[in-house]
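Letters A, B, C, D and E mark the chains in the order given here, with residues in each chain numbered from 1 onward.
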Amino acid sequence: MYDFNFAPVVASFDQLLLGAWLTIRLSCAAMLLGLIVSIVCAWGKTSGPAPARFVINAYIEIIRNTPFLVQIFFIFFGLPSLGLRLSPNGAALLALVVNFGAYGTEIIRAGIESIQKGQVEAGTALGLSKLQIFRYVVMKPALRTVYPSLTSQFIYLMLTSSVVSVISADDLAAAGNDLQSATFASFEVYIIITLMYLAMSIGFSAIFAAIDRMAFKYPLSR
Amino acid sequence: AQTVESIKSAGTVKIGMMVDFPPFGIMNESNQPDGYDADVAKLLAKELGVEVQIVPVTGPNRIPYLQSNQVDLLVASLGITEERAKTVDFSKPYAGISIGVFGASDTEVSKPEDLSGKTIGVARASTQDTAVTKVAPQDAKIQRFDDDASAVQALLSGQVELIGVSNVVATQIEQAAPGRFDQKLELSQQVQGIAVRKGSAELLEAVNAFIAKAKESGELTAIHEKWLGSPLPDFVTEAK
Amino acid sequence: MTEVTANASADVRGASDLAVCMEGVNKWYAEFHALKDINLSVNRGERIVICGPSGSGKSTLIRCINQLEVIQKGRIVVDGHDLTAGGKNVDIIRQETGMVFQSFNLFPHMTVLENCTLAPMKVRGKSKAEAETTARQYLERVRIPEQAAKYPAQLSGGQQQRVAIARALCMNPKIMLFDEPTSALDPEMVKEVLDTMIDLANEGMTMLCVTHEMGFARQVADRVIFMDRGEIVEIGTPDEFFGNPKHERTRNFLGQIS
Amino acid sequence: MTEVTANASADVRGASDLAVCMEGVNKWYAEFHALKDINLSVNRGERIVICGPSGSGKSTLIRCINQLEVIQKGRIVVDGHDLTAGGKNVDIIRQETGMVFQSFNLFPHMTVLENCTLAPMKVRGKSKAEAETTARQYLERVRIPEQAAKYPAQLSGGQQQRVAIARALCMNPKIMLFDEPTSALDPEMVKEVLDTMIDLANEGMTMLCVTHEMGFARQVADRVIFMDRGEIVEIGTPDEFFGNPKHERTRNFLGQIS
Amino acid sequence: MIRPFGWNEFLIIVMAAQWTIALSAIAFAGGGVGGLLIALARVCDIRPLRLASLAFIRVFQGTPLLMQLFLVFFGMNILGLAINPWIAAAIALTLHASAFLGEIWRGCIDAVPPGQREASTALGLRYYNRMRYIILPQAARIAVAPTVGFLVQLIKGTSLAAIIGFTELTRQGQIINNATFSPFMVFGTVAAIYFVLCWPLSLLAQRMENKFSRATQR
């Protein structure tokens, strides 16, 4: 039977924490930037001109139907031939933003479409411009409607980010891999980093619930 | 603990090897495991008088494969280190590589101190990684990729200035981009062993006997010639 | 506001004493002919009630006036601005008409006060303080000044509809359009909203109101319009309309809803 | 059906000539006291109309009768079965009461006929043919036999509500519960639904009906109940109730909704 | 040693797609059954069951699939329970998909208007008939689009099964890449195959979504 020996993992725990910290930073930055991309694209997709809609659709379809691993690979190794050289963390961030942006666009578009037509009409009748209606009337309720989907997509993004180790970004999964191949204590390492991912997703869920309470405190009609 | 007896009675030996680590382990044109490790594994099975079943493994899962009884032993280009020897038992060396730092021809590096401020790519937690980390000054930036192919790709696409690789991979870079890169430093030599689960002393003895015999008979050198184009290096032959 | 009117004075014609003038208006939804040759003139200060069976085009008619729906044929002039000419006039008209919907359509994420100040600030460019002063005035007028800080979901239907009226009034419209403002309300709340509308009518506001509240029509309407299948079937003073409806269809309808 | 009644005859008491008997019924939603000490006896064949302001507990009262809401205190006996005893009685009662909701709640993925036959087949174990024969009978009775194959979304509101009534009748209920059956309807459709209900009343069905249609109340109700803040404030024959309401609150309310 | 990326290599990669498809099919079948149970447990009246299913969802949505696969396969084996990779993959992917589908379908069940449940209860229909004839058929219509959407993510997610020895599409790509050193050709091919597998599903999801929203608009 297998003897668990967590000593080497404990000894290098700071390394794992450092990795987790990068995972957190990367995912948070990717979410914020990805959210902006999503909102802009969702606006473009629901009310932009036809060419913009076509481009946004192509973007969404390509990203959603190919693996993240391949996307990040092309960004890191492919973009230099176009003259854009990014650091591993930079490339990881860009890849995560591009990925989250595609999913986020679809989610937020659904939110926008769930807004009752009457809201837009009321804004129109008051003389607000299309952009003003989007900004002041549609956006907040739309985000509230899809907030649960957005947050679970974010957790998924954080878990997916473990792939960035392929381009040598030093996230939690990378730290785990380093540690396990230095010590060969694979089970111990995997168990610990699984728990760390779980802790992070539970932590994020709690933070999102708090943000929900703060940002969307207006009551819903019953 | 695994014994020779139980392997013989099963009639097959399950050997784990990497298939993405040329030329030690590859998948050939007909999508079968092949390479130096594969040939050694077949030879070992013949010696034991059993069938061989090659199980493809990857860097992260090769040790779990061994520990969870999915394979009897690993012929998976495992570099022998003290740290690792705490988890598995290594045989006498059956192969070896020498590690060097590679870079574009116009990059000036002649001694480890010159690595200062440079970015160096390596395969994560490989022998190369250990070797480069040991000599590189504090301000050298080491980027760890999942495998050698990615590290090489990073060099080719300019994402890193230098990479730490084995002489074997260096030959392949030369094929891919003739004349653009050359070796800057020779760092260390690393011997590789066949691994068995801890406590399988009797099996280990049999493996060691096999290795000694294969070295003696020149079979190992022949395989080495076939895959690496050179005889078994002295540091392997002479290692204790 | 005065500059705006001056700017657009180019298309002020003989119709300038009319609040709304529709000439040969036709509207199709794809194949469906929703408005058929509508001719209607509304004087300044006049109060019009529109009724008719479901699907007869009442909402469509009223929504064409502030261009929530675009017409395919005919001409609409509102307060001297020709809507059919398009362009800037549409923006002007939307600012000069206030609209109240059946389902209130308050913005759920804004307080009552914010609902009322948004458009004056963003469209008219008023300062926050100024917009709030006006808003509080109108909330007073619809008798819910104490609800200013609440969110729509915290109000009863009747209160919500009064906020919707106040919100429209905050833009200082010349014409108010109502689309069944009481039909989504519980019976006891109908009266409070109708009372507010009666107040407004008594102050001389030009009003077009789709409603089935015949008591209200009798009390405040200058003219009552009956629509059916996209046409104006009958139009007359409440006395004529209720006392002596000319058309069979009108009589049927009045028989059913009372 | 007969066996069912026999089975449960254990709890048939003196109350057995009553259709519904509520004694000291109290209901809380968390902290909120929704029904306060309700006492009400409804005879077989009696027609009761319940009115009152929004939030006064009318729906809650009616929903307690077929246990869509569970009460915390008091006793409800329906058709001789003590609901408060729980267990099988709840199932029996749900089969013996038919309910019609404000928002129809037809099953959108089933045709009109399927809506009407589902429960008789699954609950009463009738054969498909038998259930369909009964269903067509009742669809005839609510005057829409020709709509049997349509889906609810293809019908007008008034037609949908009549299907909902037919669906409830297909279970052969002894008591019909109506919760504002006409308040989601366009004015012209109200009459067709009320007519259906009047037919039903004339046939002697026991009915409890929440409605604000005072014309209907006058015409068919044996007794009218006025509720406010979870209490039954006033109860009387239509003549007493409309002609001479005893309570201030009732008078206020009647003043508002008429 | 290094060989060019040719027709043969292309075919090898294409053939690996069969494992991707097989793994996806297993995951989806297992997740379908598990997800339904989880969804029903999430909306049931029994509090412990609700909490347990919630915990299940939290754990399996909150940890990487890679780790789940690893721990199921190697963990079972070091505990002395010899299981083969297919069973391990089936277990881990089922757990993973059940959590996600359970959550998706719970949302769909909740989206059926409460009046439907009330009306069917009032007609005397009991739990099974209510679910079977009223709630689930309506929830299913809403569910098609998000379910197919998740299937696409699942297909891509099966690449992680490489950790327990499956040479599916992505892994085969990595192996070929290490033999040919032509990453753009190799991963371009891999991406194209995923796209061919996933895109029709995405289109289907979109069409179902449009169809549904048209049906409910009226």
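We adopt the following convention: a residue touches a chain if its C-beta (ideal position, glycine included) is under 8 Å from a C-beta of that chain, and two chains touch if they have at least 3 such contacts.
Model, not experiment: these values are computed from the prediction.
The chains that touch both subunit A and subunit D are C, E.
Touch-path distance (fewest steps) from subunit C to subunit E is 2.
Traced through touching neighbours, the fewest hops from subunit A to subunit C number 1. With every chain reduced to the mean of its CA atoms, the largest distance from subunit E is reached by C. Using mean Cα coordinates as chain centres, the one most removed from subunit A is D. Centre-to-centre separation of subunit B and subunit D, using mean CA positions: 81 Å.
Note on chain placement: the centre of subunit A and the centre of subunit E lie 19 Å apart, centres being C-alpha means. Each chain gets a centre from the mean of its Cα atoms; for subunit C and subunit D, those two points are 38 Å apart. Within subunit E, residues 70, 74, 78, 183 each touch two or more of the remaining chains. Not a single residue position of subunit C touches two or more of the other chains. Shared contact sites, meaning residues of subunit B that touch two or more other chains, fall at 60-61, 64, 67-68, 150, 153.
Chains that are in contact with each other form these pairs: A-B, A-C, A-E, B-E, C-D, D-E.
For subunit D in complex with subunit E, the residues that touch the partner chain are 66, 68, 91, 94-95, 97-99, 101, 103, 105-109, 118-119, 122-123, 153, 164, 167-168, 171.
Subunit B contributes residues 59-61, 63-64, 67-68, 83-84, 86-88, 121, 124-126, 143-146, 150, 153-154, 157-159 to its touches with subunit A in the complex.
Against subunit C, in their complex, subunit D makes its touches with residues 53-54, 156, 183, 186-191, 212, 253, 256-257. Those residues of subunit A whose C-beta lies close enough to touch subunit E in the complex are 1-2, 61-62, 64-70, 73-74, 77-78, 113, 152, 155-156, 159, 162, 173, 186-187, 190-191, 193-194, 197-198, 201-202, 205. The touching residues of subunit E, when paired with subunit D in their complex, are 113, 115-116, 118-126, 129, 133-134, 137-138, 141, 215, 218.
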